[in-house]
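Before anything else, here is the set of structures, which you'll find just below.
In what comes next, chain A is part of two complexes: it sits with chain B in the first one and with chain C in the second one.
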Partner chain A sequence: MTQLLLFNVTNGLIIGAFYVLMALGLSLILNLSNVINFAHGGFLVIGGYIAYTITPYIGFWGALLLAPPLTAIIGLIVERVLIRPLYGRDPLYSLLLTFGLAFMIEDGTRFIWGPQGKPVTIPPFLAQPLSNDLFFITGYRLFMVAVVMIAVALLFVLLRYTRLGVRIRAGTLDLETVAALGINVQMLRSLNFAVGIFLAGLSGVLAAGQLGLEPTMGTGLLMPSFIAIIVGGIGSLPGTLAGGLLIGVASGLTAVFLPAASEAVIYVLMAVVLLLRPRGLFGEEGMMT
Partner chain B sequence: MNSAQTRKLITLTAIWAVLLFAPFWMLPLGGYTALATRVLVLGLAAMSLNFLLGFTGVLSFGHAAYFGLGAYGAGLTLKFLAPSTPLALVLGMLLGGVCGALLGALIVRRRGVYFAMVTIAFGQVFYYIAFQWSSLTGGDDGLRGFSRQPIDFGLFQIDILSNANNFYYFVLFCFALMVGVMGYILRSPFGRTMIAIRENERRSRFLGIPVERHIWIAFTLSCFFMGFAGALYALVNNFADPRGLHYSQSGDFVMMAVMGGMRSFWGPLLGAAVFVVLQDYLSSVTVNWMSFVGLLFVLVVLFFPRGLLGFIQRSKA
Partner chain C sequence: MSSSIFNRHLDRRTLIKGAAALGTFQATSPFIIQARGETPIRMGMVDPLTGVYAAPAGNEVMGAKLAVEQMNAKGGILGRQVELLVEDSANDVGTGVQKARKLIERDQVNFMIGDVNSGIAAAIAQVTAEKKILHIVSGGHTDSITGKDCKWNVFRVCNTTRMEANSVSNVLFTKYGKKWHFITPDYAFGHTLYEACTDDLKKLGGTVTGNELTPLGTTDFSAYLIKARAANPDVLILLVQGSDMINCLKQVVQFGLNKQIHVAGTQQELESLAGLPPEARVGIWMFEWYWKQPGVAGVEKFVADIRKVNNGKVPTARHWFGYTSAMSFALIANAQKTTEAVKLAAALENFELPDDVKLQPNKVYYRKGDHQLMTSAFVGEAQSKGKDDPEDLFQVDEVVAGDKTAPPVSETGCTVRWPS
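The block that comes next holds the complex of A and B.
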């Protein structure tokens, strides 16, 4: 029983780590640009397939280093060409556009790489379980969690200590004033978008090594990421972090006792949080509207 | 009667004439009556959504949930309760509307993208219920084993099951009823207040209008209409599908409204017609129809954000 419990909690934490990466990227873009990026899952898939394509040439480590920035560059182009004309218009339009884009990416990857799942080979020493008792903790899973932790830590360092990060945080609170102080807001939004897509690409590479690749995998991760943001409190990045881990563990734990409800539980959790704390766990007054 | 009123009268006559004679002019053009019925039902859904989206200015991206609830309400009524088409429609509408009212109360204080996000997430709750509760809803396979029943007037019956034209006119009658109510509400003081909130929420608040309550009522009404459209849709297919509650269906509805023209009353119907016919055509000629629908979304947003009617009106002006 303890082993089963531990197994599912670990699973939950790992899934939660993916939610966190996805949700942090979504949250960054949402907070600064007021854009709900429906195509975020699509960028995750792109990151994964790029890794799949370049792994035979430069190996897993090369792909891990190279695929996220390549995805971010694609994101930059998309932002520049498709999303930039929509800033300042009703948020409905960017929502619809990214919604259509998600369709195109899903169908496009299916067209290019085929509908079957694709495996990404990971280095053999990472595929070993740590011990016989804890057969479910493979080196790769620990490695994934470590990478996610480093990425999140770097993101928070970037936001707190660099000039770019300070500007992003200021822009989240009051973009007009930031623009009035002579900062190039277009550039700021582009870079911020790229950072968000970088995180999506990174989760794509990591997910590819664990689950294999399918064109639809991004869509499945999108909704839990939304909920992570809502539970944590819209506008708060630490909230998003906590929300992602919370719903991951909650669905992992539910899988032990009531497997059928393991997906539904995150929605229940959201409803309860919104009833008790309408602004989400870490949401602050004035951030929501 | 001044010229504006005359023009309006002519437009209305034209719209209703087109709808009334649809079974006759569609066949020579390569359409079929069932397609016209689907356009009508999805058009009603898009207009119901636009009641909130275009006239109150509140962005709900989870409206398919109430559409789907209406469908399940109608289907479950026919399957388990009573073989009565009107009862199925009423109960379907109630299920969609009441769920909308409850959730609306929870989320009415949000605005803009945040409102959209919360409506998406809560819409998915109903999707999961329909998907997981297999014993009642049939789960992934959808709800089957019911069919629409003849309308019984005591003295005579109207067969809407096997006669496609009869069913079309039945749906048209329901459509006219709902659209009439919708138009009446929009012209009432309440409807004017909704538009005032859309135009300037802060000012409406300063004028003493209870904005939250109005938005909640508008949301609820729109969910009732949506539930009714969903119930009709269950009758069209004799089938209720969990994917009808999914947020991608909501996206289609929003697209219909935007493509037709959000600021006009009839725009969403036009958008629905174009969308349904295009999707019907694309899915018959290519397996990659998803890409083309996605491309349509992108192109409409970038080049026709005011929709077909908005585009026509502007180029006329």
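The block that comes next holds the complex of A and C.
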């Protein structure tokens, strides 16, 4: 039993790491632009399909490098054309827009690539488990965790030490003052959106290697990512990181005792956190109210 | 400077409300396939064109469309052209029922086909029975539809879960072993399929080491697989379908579990095998229809016809379900020279499908008593790569006739009550 628990905690951390990658992108966009991006799962799917399409020409590693920036470019266009006109309005406008956009992306991918799932093969040396006992730790899953760690580290370096990062953080706290200091806020939002969508694209490439690549793939992954943000605390990137890992572990542990509740438990966790600490685990009081 | 370009007030409640909306909102996208004719006969079709079953549902619709085209070319039904009206159930019971009511009340359809999802199919059957519309369930497998909840107006083309289990249990037991562990989708289809498999297993003298009930649309199966592996079974039986099957089987193979335990199941579909990388196409399964049947009348023509409308790809069992459902209406209505539902339902009892519709070797008929089509099970093994054709992903070892896999009517729990 102890072994089973230990296995599931480790497994939960691996799954949580993936949620973190999704949730960080969502969180970036939400924090600076107040856009609840329901189309984030759609961008994940776009990333996956772009990788699937270019893999025959440039291989898995080439696709891993190229698909996320291509997805980010699509994100930039969407931001410029659809989302920017809504910045001054109530957040519900952009929420509804991205909600509709999510369906359009799902049907669009179905139209272009067909409703049937696409087979994605990963390099054979990654598709092996470490050992017979620790079968759930495959090379690919470790690789995923490594990519997430690198992405998170780079993101923190970007936000802490670069001019763009400092401006994004400053804008999150007080966008009006940032604009008054002569910084191009529109450009800042665009770049920030692109970074968020880049992370969605990267999640898409990674997910396609492990899950079936099909147009609805993003839907099931989006909800846990939202919950990770709410549990971790809106406005706090370390909170998002903790939230993602926490719901991964909670979901894994519940699967041992009460499998039927393994999906519901993340909602219960969210409810409990909201009741006891409405700002989320790491959220600052008054951050988003 | 105006403050309007800056962020408006966003509170946590808005975010949570939005998140709740994502979980509950259902998209719907109806469309109609028109055919010519002054007073056309209308067939309604409700299938989950969006969601996890989008691929099989789309193929059922394609099969039904082909049938309608072919019947219209031969003069339609009773000399009238046929129109197929397709609605998306979005894999949601409420939406499916609403769409079925719309088709019957507003569009005045004469016949109804659907749904891939067992729960929706059963719910639509309530509506069609109430409205006295002849209804063929194309692809929902749960037993009760032609079992304890059977209805005078409802017939079914695809197998029951009991038939699926009976076709393959013996082979799995003999070849793979007697301790079985299940990964089961947590809704009507999964529950009855699990019951059928465990009944067979008990009769054969085997044991169940556990059952992991997984929600429809599960993406990560690792926690369930860790539990299953810990129970140390001989066979891991996957009862999940659609994208769940793809996700689960892909993870099973990446974890190397197929090298430690046998991995198999009952129902497998070409849509799922095609969506898997070659190394994950493993195990013994049953197909409900297969496109490669050398020497069987009509199959080659059907494959060629579907290829023309399916980007050159071969038909799957789902194409055949849709095709056979629509064709059954035309055959029986033209034979009886009426569209009156009660008369047609009575005539469909023990009605045998002709060669160019049944497209398989054994006798195929709608059984009197429970209205279940006695259709064959194609038992065999998944192939990582096709030999002559890249889509030949299944090696059929045996084609078992439907009346050998179906339990007798007396055991189905069905008593058909005709309207007075």
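Going forward, the second predicted complex is superposed on the first by the 282 of 289 C-alpha atoms of A that agree within 3 Å, B and C clash if a C-alpha of one lies under 4 Å from a C-alpha of the other, contacts with A are read in each partner's own complex, and residues count from 1 in each chain.
FYI, contacts are C-beta pairs under 8 Å (C-beta built on N, C-alpha and C of every residue); 3 or more make two chains touch, one makes a residue touch a chain.
These numbers come from a predicted model, not from an experiment.
A.B. asks: Looking at chain A, which partner touches more of its residues: chain C or chain B?
C.D. replies: C
A.B. asks: Could you look at A:127 and tell me whether it touches chain B, chain C, both or neither (first, second, both, neither)?
C.D. replies: In the superposition, A:127 contacts chain C only.
A.B. asks: In the superposed arrangement, which partner chain does A:194 touch: chain B (first), chain C (second), both, or neither?
C.D. replies: neither
A.B. asks: Does chain B (first) or chain C (second) touch A:250, or do both, or does neither?
C.D. replies: Neither: A:250 stays clear of chain B and chain C.
A.B. asks: Once the shared chain is lined up, is A:155 touching chain B (first), chain C (second), both, or neither of them?
C.D. replies: A:155 contacts neither chain B nor chain C.
A.B. asks: After lining up the shared chain so the two structures overlap, which partner does A:15 touch, if you call chain B first and chain C second: first, second, both or neither?
C.D. replies: second
A.B. asks: Mind working out whether A:168 is in touch with chain B, chain C, both or neither, as first, second, both or neither?
C.D. replies: Touch partners of A:168: none, neither chain B nor chain C.
A.B. asks: If you stack the two complexes on chain A, which partner ends up touching A:237: first (chain B), second (chain C), both, or neither?
C.D. replies: A:237 sits against neither chain B nor chain C.
A.B. asks: Just chain B (first), just chain C (second), both, or neither: which does A:275 touch?
C.D. replies: first
A.B. asks: After lining up the shared chain so the two structures overlap, which partner does A:82 touch, if you call chain B first and chain C second: first, second, both or neither?
C.D. replies: First partner only.
A.B. asks: Taking the two structures together, which residues of chain A meet both chain B and chain C?
C.D. replies: Common interface on chain A, chain B vs chain C: 30, 34, 36, 38, 89-92, 95, 99, 103, 106-107, 223, 226-227, 230, 234, 260, 263, 274, 278, 288-289.
A.B. asks: Okay, in this complex, where on chain C does chain A touch?
C.D. replies: On the chain C side, the touching residues are 1, 3-12, 14-16, 18-19, 21-23, 25, 27, 29, 50-52, 54-55, 58, 186, 212-215, 217-220, 222-227, 229-230, 243, 246-247, 250-251, 253-257, 260, 271-272, 274-279, 311.
A.B. asks: Considering the complex alone, what residue numbers of chain A touch chain B?
C.D. replies: Against chain B, chain A makes touches at 30, 34-36, 38, 82, 85-86, 89-97, 99-104, 106-108, 111, 223, 226-227, 229-230, 234, 260-261, 263-264, 267, 270-271, 274-275, 278, 288-289.
A.B. asks: If we count contacts the way the header does, which residues on chain B are in touch with chain A in the complex?
C.D. replies: Touching chain A from chain B are residues 53, 59, 61, 106-107, 109-114, 116-118, 120-122, 124-125, 128-129, 132, 247, 251, 254-255, 258, 288, 290-291, 293-298, 300-302, 305.
A.B. asks: Show which residues of chain A lie in contact with chain C when the two form their complex.
C.D. replies: 3-4, 7-8, 11-12, 14-15, 30, 33-34, 36, 38, 87-92, 95, 99, 103, 106-107, 110, 114-121, 127-129, 132, 135-136, 138, 140, 175-176, 179-180, 185, 210-217, 219-223, 226-227, 230, 234, 251-252, 255-256, 259-260, 262-263, 274, 278-279, 288-289
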